[in-house]
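Each structure below is given as structure tokens.
One chain, chain A, appears in both complexes that follow, with chain B as partner in the first and chain C in the second.
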Partner chain A sequence: MGKIQTILQANKLAQGLLLAAFILVTAGAVYLIDRSVTAFLLMLASLLLLYYTSFSNGMKWSIAIFLLVIVIPFATSGGTSRESYMEVATQCGIYVAMALGLNIVVGFAGLLDMGFIAFFAVGAYTYGIFATGQANNFISGELFPLSGGSFWIFILIGGFIAGIFGILLGLPVLRVKGDYLAIVTLGFGEIIRIIFNNLEKPVNITNGAMGLSSIQPPDLFGFQFTFPHQFYFIVIGILLIVIFAVRRLEHSRLGRSWKAVRENEIAAQSMGIPLIRTKLMAFAIGASFSGMMGVVFAAKQTFIDPTSFTLIESITILVMVVLGGMGSVPGVILGASLVTILNLQVLTEFTSWLNQLSQQGIFEVPNALSPSKMQRFIFGMILILVAVFRPHGLIAARNRRLPPEAVKDPSPPLSKPEVQPD
Partner chain B sequence: MSDHQKHNVLKVTNLMKRFGGLTAVNGVNFDFPKGQISAVIGPNGAGKTTFFNMITGIYVPDKGNIELDGESIVNIKPDRITSRGIARTFQNIRLFGSMTVLENVQVGMHIHLKTGIVGTLLNLPRVRHEEHDAQREAYRLLEYVGLAEWYNEEASSLSYGAQRRLEIARALAAKPKVLLLDEPAAGMNPRETSELTGLIRRIQQELNISIILIEHDMKLVMELSHHILVLDHGEKIAEGGPEDIRSNPKVIEAYLGKSAVEEEIQI
Partner chain C sequence: MFSSILQTLPQVLIDGLALGAIYAVVALGYTMVYGILELINFAHGEIFMTGAFVGTAVLFIFQGAGWLTDMPAWLSYVLIILIAMLVTGALGVGIERVAYRPLRKAPKLILLISAFGVSFVLQDVIRFIAELKTGNYIISTPQLFDQRYQLPLSSISSWFTDASVKANTLFIFAIAIVLMIGLDIFVNRTKWGGAMRAVAQDRETASLMSINVNKVIVLTFFIGSALGGSTGVLFAQQYGTIDPYIGFILGLKAFTAAVLGGIGNIRGAMFGGIVLGVLEMFASSNLGILTGGNFGAEYKDVFAFMILIIVLIFKPEGIFGKAIKEKV
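Presenting the complex of A and B:
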């Protein structure tokens, strides 16, 4: 086994062939077999295998985009479960983007935020209010609902407004540190939800607990996006932009200042890094990713209400980041995908399998112990297991190591260091 | 040319700091000459680090003034002090442990890099250029302090002496006028201390930076310093060149007690 590993590590062609074979088999299985969760998950796992190959970065990205944009949609198109597969993939994409946003706050800057779903809600309601007749309640003129054509600009507007809320949250909150920050942000998340739940009097802005329905779906020159397999492409598009942005930020002056603030605040300040501004940037940018996906969520569900934005959602995203690896972009992508798939596919499949068993009289699982309801318990277990066995997450954050050509310079050094004899 | 005519880079006037009932620094006056190495010494608890912390803006003085090249720097936040031209190292090493050695130095360059968020996201050529230059500049600084071969290593994995040198490289990256070193030789063996002495002297001579040290290692202090300020219980008890301080009875008494004065022990 070890021998096969060494051969594989050296031989890119072998890796390529194996990967291609794997993709062919799993995609074929998804296409031909009706409703096979295992085949679908294995097909998604090909992305993880791709990560571990030794191809160049450009090659990996090209293959990844090929898989995401062509292979996966095509493979799932044969058969009746197309929309449910695409729904899972779309949800994965939404959560990955949110988790990457939280990763900036928690992973890079080290600020524990337990109310992150609030920014998702802000994005969703930003689009929801103006893409339904809701805005007519406080802006006169019967201008609303705006057409689905406005969806595209609202992605940016929603992101921007969520970013503003990120700063508004950050300002009072950054006086406190560590555990206290966690509790205050948790409170803020709940406050946002409760405000949206009650903002129906005196002016009805959010329609309270009844939520906003008949939200306009996106419209691109007459083409309406209503099915999951269509939203999939919107989500993948935004996700690729988010991933690009995060990678740029991670290795920039700003990314370094976040990490410096996380590692040693006093030293960071002494090196000229303005603490409040740096932390607010982390909040604002992380929040804006969440806000953008909130807009997509509202357009996809066409109905939103405050129950979609509860504390358990904030904790779910935090679990994704911790499981994947705090501060690690590939880790967080993996963590978010795994938790989403766990929630949407594995738990529901397991529940229906157990139901089947109890119907056949083999096994009687009490209702209280059904896997869907055990979600919180399972999250707790995940966190404990990660803390005990893999505290750095599934794919731990790694430093960027520069090749000598990137740092050595033909011009002479400042001076030759002398070696002092004893 | 008398000492008064030499240009003073840092001028401390009547500096006082109280913490509740404890007066940590009490009415200290001192002029730090430009381009030279000065030392602040005194027994533990004399107020040396509090003194440093006021210069770097971590504490705000209750009374008195600090002037850098003629401009007052009191009431300026620590992150703005750096842009004025003061950089420091810490008594307890404060590195960014999980970042690489090179990245630690790059953080030191923060105030000299211009790239903001927009430039980063758009990945403009100007931004990429600045990053490449920063990488090379950081590497040159690492070569200067003798840490170049570890540039990709995690900072926390360095040996103790190397970590102290990394802190110095990081401070140099800020291109300061004044470099404050808080017990740079603490915990070092004689060989490391001797290398450090050479490095500090080179920084002063080759890079033209004014250096202020807090140190307990008297050999290093006497060898390097042009001018020494002695604090005890928050007050200045002596100042002068190494020869004056070495045999000053007040200083000896502060460190070694009255009996040492009687036995004419020298520091």
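Presenting the complex of A and C:
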């Protein structure tokens, strides 16, 4: 076994062949077998396998995009359960983007935000209010609902407004440190939810607990996006932009200041990092990713109400970040995918399997213990276990290392004496 | 508008004080643990909730065994509270051992995440047990004291309407006062209390003075959790229905109370709890009147959180706390 490993590590061709074989087998299985969750999960696992190959970064990216844009949609188009696969993949994408946003706040800047779903809600309601007749209640002139073509611009608007809310939350919170911050953001998340739940009077803005229904689907030159396999491409597009942005941000000046603030606020400040601006930027950028995905979520569901934005959702996203590894982009992507799949596929499949067993009378499972209700327990256990045994998560964050010769100052200092001693 | 607020004021005060007493005792648990470990024990709200469920379960057992009719009601009430205190105290110690002690040297973020984890696990375990035993996780508790006393305030002055006091409210006041005075004496007058204060001031020096720090921390968790659990029983008796998710919001508000009084300060927590309870009750009955019906009682939680945020912005050390300068 060790021998095979060394051969594989040394030989890129062998890695490529193995990866190709794996992709072919799993994609073929997904295409041919109807409703096989295992095959679908294994196919997604090929992305993880790809991460561990030793190809160059550009190569990895091209293969990943090829897999996401061509192989996965094609392989799932075979059977009757196409839409359910694509639904899972779309949800995965939405959650990955949100977890990446939270990762900026929690992982990079070290500010524990427990009300992150509030920004998702802000994004969703931004599109929801204007893409239904709801906005007619407070803007005169029967201009609404806006057509589905406005969806594309609303992705930006939703992100922008969520970013403003991020700054609004950030401003008071700046004076608060550490654990207080968690509590305040928790309260903020609840406040937003309660307000959305009750803002039907004096002016009916959010339609209260009834929610907003029949939200316009997106529309691109007359082509309407209604099915999950169509939304998949929108989500993948946004996701790629988000991942690219996060990777660029991480090693930028701003990203390095975030990490400095996380490690030691006072030291960072004395090194000249503007504390307020750095923290606010973390809140704003993290929130805007979440807001963009909120717009997509509203358009995909065509129905939103405050129950989609409860505390458990905030915790779910936090679990994704903590499980994957705070501050680690590949880790967070992995964590988000794992938790979403666990939620949507594994738990439901397991529940129906248990139900079958108890129907056949083999094994009695009380309804109270049904796995689909055990989310809180499972998430809680993940949080405790990761905190105690693996505080850096599945894929720990690594700082980028420069080769030693790059660190040595290439340009001579200005005050260097002109005449060298012989 | 003013007169209608004044009319309901006595009732608001009575209900607010009852709620405030509950907040105050729960806030004590937050403040004690924070004083010693500088950790927000987020699972404390869930310990309170567990106390409510344990108390109700014991009550059902008493009922099933027919002891309720044999014993005077106050005796069974006190017994139930004592049992709930023992169970939740032990639970708190267990939580500290499993989820906090391995992390004592870890960054605070990790500790807090672990605390959230504990809180979710507790919620689901209680839900599971309750649902398994009764088929529904929302449980209504039989009331031990269901008499109501009328206070004929309208005969004193026409400004007030009559108020009524539940017998249980009086019981809450009694228990809360006994617990708070007991804790105050324990912390300020006894040897163990002295050890607690020493550990809170400086853990390392305290351990050099031959104080067993781990024992003190365990004791703190036991007492804090037992206080939380006992309030759970009081809460269940006062409001009649409990579910596994009551601990979250109530814990958050009790934490607000602790912050309001200055976290780490025991007398401050008592004061903060009472103030918050009265303010919240006042808001829930008068917000609608004050805003002309636009924003009603459904915003009372928003109101409580706004208080928290405002306190944290303008006076983060609380009313009785001392500002601490961060050292480099």
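Note that in this section the second predicted complex is superposed on the first by the 403 of 422 C-alpha atoms of A that agree within 3 Å, B and C clash if a C-alpha of one lies under 4 Å from a C-alpha of the other, contacts with A are read in each partner's own complex, and residues count from 1 in each chain.
Definition applied: a contact is a pair of C-beta atoms (placed from the backbone, for glycine too) under 8 Å apart; a residue touches a chain by one contact, two chains touch by 3 or more.
Worth saying up front: this structure is predicted, and the values here are computed from it rather than measured.
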Problem set entry | First (chain B), second (chain C), both or neither touched by A:349 | neither
Exercise. Which of the two partners, first being chain B and second being chain C, lies in contact with A:201: first, second, both, or neither?
Worked result: second
For this session: Please work out whether A:266 is in contact with chain B alone, chain C alone, both, or neither, and reply first, second, both or neither.
Result: both
For this session: Pick one for A:252: touches chain B only (first), chain C only (second), both, or neither.
Result: first
Exercise. Of the partners chain B and chain C, which touch A:184 in the superposed model: first, second, both, neither?
Worked result: second
Exercise. What is the shared patch of chain A, the residues that chain B and chain C both contact?
Worked result: 266-267
Seminar exercise, completed: Listed in rising order, chain C residues that touch chain A in their complex are 39-40, 42, 98-99, 102-103, 106-114, 116-125, 127-128, 131-132, 137, 248-249, 252, 255, 259, 293-296, 298-299, 301-302, 305-306, 308-309, 312-313, 316, 326, 328
Seminar exercise, completed: Residue positions on chain A within touch of chain C in the complex are 106, 110, 112, 114, 172, 175-176, 178-180, 182-184, 186-188, 190-191, 194-195, 197-198, 201-202, 266-267, 311, 315, 318, 322, 326, 366-369, 373-377, 379-388, 391
Problem set entry | chain B residues touching chain A - in the complex, by the definition given at the top | 56, 58, 77-80, 82-83, 87-88, 90, 94-100, 102-103, 106-108, 110-111, 113, 115-117, 120-121, 123, 127, 131-132, 135-136, 138-141, 143-146, 151-152, 154, 170, 174, 190-191, 194-195, 198-199, 202, 206-207
For this session: Name, in rising order, each residue of chain A that touches chain B in their complex.
Result: 245, 248-249, 251-257, 259-260, 263-264, 266-275, 281, 285, 397, 399-402, 406-409, 413-415, 417-420, 422
